[in-house]
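One chain, subunit A, appears in both complexes that follow, with subunit B as partner in the first and subunit C in the second.
Here is the complex of A and B:
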């Protein structure tokens, strides 16, 4: 069995701790050792997921936070006031929780801190055992790798591939491709569409594997081409085996 | 119906039910699961079912010819693919796509015993459950 992504999280779950675990790329909120909420700058929050689609108006979200935030019951307020159905809120919140947790649990070099007693204002929705969240984060890493092993796609501006193909895409994929303008990163596209960031990474890697999307090609150098620039490989051509070895070495050293 | 757990427990009341789950078909995440998994565990079952569901939503062969939005009322007509049915030697699988008002990719999966289950009944019950899960 592989070692835990975060040994500290395992320990906190064992001691049924309540508080917030802050890591390099995000934060996990625990209540009695279970994960009740997660946040990451890389993942759209519940507010974005609910408002981007027009499901909830931004002012209604702000009102819910203002009215129930102080008593940590924003989720309950949204359901009790009839603005979002209980099932919908659970689907949306769980999606956001696992999404942010994937980024929060990504290997990082910075310190991990835990602040006891801190609760998030969203309140109780549907707690998830810490080991389930951790196992899912590992599965997600493997899934991305198996689809198209180029992690640099996750954070780079992406654009539609210039080559036309006979492939048809679904309306969901088309909506994503329409936003791939060579400026937006997959995370920016996710935010715009109101979809979880990980789901967008998955779709981007699948579309890349199908030859429909690529990292933005660097504009052609205006200076006369030299032998060196012809030899230099663009980032997309990086050897995937080398990337895997690098990542494994990084993970092993943690 | 208040949430995922209640929805899954109701799904298990369908005659012949052996296992049920709510799954995201893009990430393969099981948002909730009850009963027996039809695969090696709930996690693997969710990931594999998600793959089947994803293909059904993406391939043009299964896309309805009519537009997704009603011309007169301007309202969405429901998910393009409503459900998937897989019949095996010993069981039935019914996958029902859940339609939410925000951008999501979730379905209900119900696994039934072939001897005890009634496919037509299970399909109707699951479609009703999928609707109530998001209506509250």
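Here is the complex of A and C:
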């Protein structure tokens, strides 16, 4: 099972810390121990979510950052200037926060650092208790596994399955399938569509379970005529390795 | 203009008989906000579970070739009404408002009307 617990985050929440927690796959911004913002290279940012849908023009986003970024009030500026409604901004920001936090809290091997006193320029939107964010990250991990337990789908280039089926897909799924070209990863598709990355992972796993999408098939190895000597070679090493892998796979599925 | 917290608060104070409400993202099953509920009604569990209700209905409509959107879904229990209102936002990722009502105290037509108004105020 994928655990998302970060002991350091729990401690920082307890001491009501303010600053940024930097982990392998993203960063969490805290204010008084609550999570106020999150970022991850795997998840589209608020700017992508707002601009890709045509909701906000990219130049207006850039203008808001230029005008209010220095005083950490970009969110407030967007609302006060009437460009985005308060409820809409909050929902979009919460979506981006939980999305990035899911990746930021994924198990990693690198060091975890916390820099005290750092605030994000987006400014105050809606703080979320750290334990709520952790609980949601764990729930998301379990949900993905329950749909189709192949995490390798999350980061590999995906393509449509060659088999045609009569299954109907929703317009949202269709838009995703149209971008599954064997080059883009789910994260790249999410960015292109302007949707949260986790929502895209969910749809990719659902489509994979339905047999509509797959990890890009490796180009077939050129088959060369097998020499007689190779056939005569006792494949004992290969067999034991294969058997070990089979045993591991069987044990893992128990 | 309202934020999610005030919208949910309004839903549970203005709508007669409200037991709890949640704003839910129906792809991820996450409650973006909840109000009310309690030990008899875990709203995060309700949020995730009702996601399947919405998805099942959307899929059925696809299969039937119905091109219309869903305005709301009503589930009637012995003592409660559960109402799901899908939000038709421009850039939203598929959200619904979920509200549980006490059947004895609730006025269904009024509740639907008020939920619609709250959606409009959210401006999503």
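Methods note: the second predicted complex is superposed on the first by the 219 of 254 C-alpha atoms of A that agree within 3 Å, B and C clash if a C-alpha of one lies under 4 Å from a C-alpha of the other, contacts with A are read in each partner's own complex, and residues count from 1 in each chain.
Please note the rule applied: a contact is a pair of C-beta atoms (placed from the backbone, for glycine too) under 8 Å apart; a residue touches a chain by one contact, two chains touch by 3 or more.
Note that the structure is predicted; figures quoted are calculated from it, not measured.
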- Side-by-side fit of subunit B and subunit C on subunit A, or clash: clash
- Should A:138 be classified as contacting the first partner (subunit B), the second (subunit C), both, or neither? neither
- Task: Based on the superposed arrangement, let me know which partner A:216 touches: subunit B (first), subunit C (second), both, or neither?
- Result: neither
- Note on the structure: subunit A residues where the subunit B and subunit C footprints coincide 49-50, 53, 55, 85-88, 90-92, 94-95, 98, 126, 136, 139-140, 143, 168-170, 172, 194-196, 198-199, 202-203
- Note on the structure: Residue positions on subunit B within touch of subunit A in the complex are 1-5, 7, 22, 24, 26-29, 31-32, 43, 47, 57-58, 60, 63, 68, 80, 98, 100-106, 132-136
- Item | For the subunit C and subunit A complex, residues of the former touching the latter | 1-5, 7, 23, 25, 27-30, 32-33, 48, 58-59, 62-63, 89-95, 121-124
- Which of the residues in subunit A come into contact with subunit C in the complex? 49-50, 53-55, 85-88, 90-92, 94-95, 98, 126, 136, 139-140, 143, 168-170, 172, 194-196, 198-199, 202-203
- Within the complex, subunit B is touched by subunit A residues 49-50, 52-53, 55, 79, 82, 85-88, 90-92, 94-95, 98, 126, 135-136, 139-140, 143, 168-173, 193-196, 198-199, 202-203
